[in-house]
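Chain nomenclature is as follows: A, B and C, assigned in order of appearance, with residue numbering initiated at 1 for each chain independently.
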Amino acid sequence: MTITIDLSIYPLDLVLRTCHVFMSRCYVTPHTVANGRIAVEFVARDESDSLRDLAGAFSNALLDARLRAVITDETRAIRELLVAQAFCEADLLDRRDIEGDEHTDPRGIAG
Amino acid sequence: MRLHEIAHVEDVDRQLIGRVARTALAAGRADSFLLIENDAPSVDPAGYLGILAFGDASVVAGTPIARGLRHLGYLDDGDVVAVDPNGFVRVLYRRASRHNFILVTEQCNSLCLMCSQPPKAIDDSHRLAEHLRLIDLIDPLTEELGITGGEPTLLRDGFLQLIARCRERLPATALHVLTNGRLFFYRTFAEKLGAIAHPDLVLGIPLYSDIDTHHDHIVQASGAFEQTVIGLQNLDRYDVRVEIRVVLHALSIPRLPQLANFIARNFPFASHIALMGLEMFGLVHKNLNQLWIDPADYQQELREAAGILVNAGMNVSIYNHQLCVLDRRLWPLARKSISDWKNVYLPECDGCDALDRCGGFFQSGTRIRSAHIHPLNTSGGRAV
Amino acid sequence: MSGYGLMPFRFARFDDARTIVVNEAGEHHFLANEDLSRLVMHELPGGDETFLDLKAKHFLFDSDSLAPFELLATKIRSKKAFLDGFTSLHIFVISLRCEHSCHYCQVSRVSSDRRRYDMSEETARRALDLAFRSPAPRLKIELQGGEPLLHFERVSQIVEEAEHRAEEQDREVEVVVTSNLAMLDDDMLAFFRDHGVSLSTSIDGPEELHNANRPRPGNDSHAKAIDGIRRAREALGHDRVAALMTATRASLQCPEAIVSEYVRLGFSSIFLRPLSPYGFALRSVRTTGYSMREFLDFYVRALDAILTVNRNGTYLAETYAQLLLTRMLTPFATGYVDLQSPAGAGIGAVVYNYDGDVYASDESRMLAEMGDTRFRLGNVQSDSYEAIFGGETLRKIVAASVAESIPGCADCAFLPWCGADPVHHYATTGDVVPHIPGSDFHEKNFFIFKHLLSLYERDPAIRRIFWSWIRNEAVQSEEVA
């Protein structure tokens, strides 16, 4: 059973990573196809495996991988900042506008 | 019980703050008012700060005197009063009370919809000296002292001075400060407070929602949530103990379990969580349509929230709830908290076997109250 | 649609209807499947309860408030607090001698009369020197073997010297002796009592199963252990004696009986442990071995039996579940060296072998016994503290064990609750980095996380029990929650 994937929707590394995830369930072989597409061939390990189910699961996994890529791209900088802030003694978050104290009160907290 | 009255004063040219002496003192007279009940002092009033007289005592020339007092007969040795030149006599501290507090300022930077002590926009920071003097006079054996307002931290350095003075003069007295904690958004302020290292200090800080806009609406101050939660973190960073207080009303009840989870995950260091029934004081009446919900109608949320906090190993107390409208399983968390001069009961309470365990009502809280008040029998069920 | 930004999080499809999202600090939330894509595509409406829940749990932010960042950064830091204090668990292999010949033993069997497999006085002293160089405010010293009681003079030396140093340096030291208790006499008990030592032993289940797993001359391991437990509890206190079990193929058949035995013996915790792929376990894998799938079936049945025990009013916690639940449901860190990121090998726990060689973990030591010394950190006689704890070997192990950087782990929803064990991965696959999927380590933990979540979601009574394990106290009868 083979499914064809449009590389303009799912970048190559996403496809390959998803193939890797499925390695333990079945034999997965990617083949290049023309026109910016890639074919992924599924061969059952076990008699009882449903190739349709596996291919379906693969498509879902590809969707999830794409979602993850979106999340990672969008939150990469924040994550780095958070981890740095978590482990650094000093204050890394943008304190420029509130580098005051209870007397200067740049935020006007005291009203 | 009244805490103040107007008296006839003579030779009072400035505010006088002093202890009460019913019994003649051998030493320390300069800090004390001699209290006399008859027309003539049986004791020589020389050396005292002044005289507090219930009758029409004759005046010893030059001695400050406030006479004609009628309502303050409970005053006793060690209590502290202030006498103003205009005749205003105020009781600032009573040794016999378990609920002494210093009202540090009437200014506030929030305007909570349910504020029970509506703020005044007057500058009363000059009264700091009065508060410091009071601390000097309070009996060091006092177990607990409250610091309230308005918003005490608005005094900034003055606030720190008060805490430091308490540490110095009243090292054995547990200090409980009611504050919105917002100024502790500034790390340095929290650091300075931590540096005082008061031996038994807790800041009681309200948090009304896990959502910033909801909390800000309830306290009527934009940015309050951000300031308060960062303030809480800063206080913990410098080892200042905090208690988190939640007032239960129609705006805080819907997400109460989520708030409980928020507290458990973000402020596990809180030494106590106070879940408080609504007091019918101050601004509550003005905002009643937004705030009122019959306590009997929110027991599910309350139980779920309390459960989350108890599971997380936190200390939880429920205040200001009559037992008959509180889920039975929450009774172990209920505290009989209404202070000693506010408790009343209603005709609906007749025959209730749980009166001694139940806090009853605030005097002000008897008109607007749950529709489900009913007496309980000894096993906690509805009495016939 | 309202303007909002995403905070970092991971997700996994949980069942047909729901997805679980987990943030960087390990807080989770369940979403309807369609809500995940709406969330990521910035199409989740701002007024939805789901939106509010995700905001409060720091999965998204919708203003320039600093609160979500400050709070989340603090929580991330709290979760890694197990790193504070560096190496806190110091394991001493007192002797390889043992009169038992347990099928799954991780220690090379040596018969009772071969004294050259005992730790020397000098080695013990040097090892203690190293242990006390650790900055950890509270040290835990575990004395293991073989059977440590066969070389009691070393046990007593270490206990006394550790106590002495603890007093000098004003530190807390806890000592635990792991023993089959067959050699436990009254003098030893008196010594343990006087020095506040705790005991840990093995109870694999009811007598027949236990003795089949753990043969000794006379085939009376179970009776000896029970007697030892009774006498130790009398002398040291009930809570000073703990037990754990190892599951063999025979064990997999009778989870309920094993649980009953623990209840009968009055234990308050039971640790359901699968076989490790080392030592004798590897050699006898055909008779005593099984697949991870089989172990997990056993685990589910045993956990069920344990939950029933709790429902009936007796407190019994499953140790592994207790650990995982604490990670999932509380903001606190847990120091469990075999499941943390970075791994606890060396930086959380260290092993001093009888011959003075120092290893990052028990598994590393086992590999060396089988001829592979790549995880040996040094020797107490010839290497300094800095060379052992700051050397290349340890650094490489730690670097390989940061789950956040491991390809199969980095995207896993359960990462914040999980960890890495590079030595285990190496021993089972030849690579310090696990191959996910296919890793039995992954299979076990992934399954148990999902299983605990489903149980938790399903039943308030189970939630109460789980929380009682987290708090380490029995459920009260009139419970609030």
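Quick note on the criterion: a residue touches a chain if its C-beta (ideal position, glycine included) is under 8 Å from a C-beta of that chain, and two chains touch if they have at least 3 such contacts.
As the structure is a prediction and not an experimental result, all values here were calculated from the model.
S.K.: Consider the two chain pairs A-B and A-C; indicate the one with the greater count of contacting C-beta pairs.
M.R.: A-C
S.K.: By Cα centroids, which chain is closest to the centre of the whole protein?
M.R.: Central chain: C.
S.K.: Counting only Cα atoms for the centres, state how far chain B is from chain C in Å.
M.R.: That gives a centre separation of 48 Å.
S.K.: Averaging over Cα atoms per chain, report the distance between chain A and chain C in Å.
M.R.: Averaging C-alpha atoms per chain gives centres 30 Å apart.
S.K.: Using mean C-alpha positions as chain centres, tell me how far chain A is from chain B in Å, no decimals.
M.R.: Averaging C-alpha atoms per chain gives centres 53 Å apart.
S.K.: At which residue positions does chain A touch at least two other chains?
M.R.: Where chain A meets two or more other chains at a single residue, that happens at 98.
S.K.: Give me the residue numbers in chain B that touch at least two other chains, ranges are fine.
M.R.: Residues 223 of chain B touch two or more partner chains.
S.K.: Among all residues of chain C, which ones touch two or more of the remaining chains?
M.R.: If we look for residues of chain C contacting two or more partner chains, we find 66, 70, 74.
S.K.: In the complex of these two chains, what residues of chain B are touching chain C?
M.R.: 210-212, 223, 225-226, 229-230, 233, 255, 258, 261-262, 264-266, 268, 303, 306-308, 310-313, 329-330, 332-333
S.K.: Contact residues on chain A for chain B in the complex?
M.R.: Against chain B, the touching part of chain A is residues 91, 98, 100-103, 105, 107, 109-111.
S.K.: For chain B, which residues are in contact with chain A within the complex?
M.R.: Answer in residue numbers: 109, 153-154, 156, 182-183, 185-189, 221, 223, 227.
S.K.: For the complex, give me every residue of chain A touching chain C.
M.R.: 17, 21, 23-25, 60, 64, 67-68, 70-71, 74-75, 78-79, 81-83, 85-87, 93, 98
S.K.: Provide the residue numbers of chain C that touch chain B in the complex, in ascending order.
M.R.: 25, 27, 52-53, 55-57, 63, 65-67, 70-71, 74-75, 330-332, 463-464, 467, 470-471, 478-481
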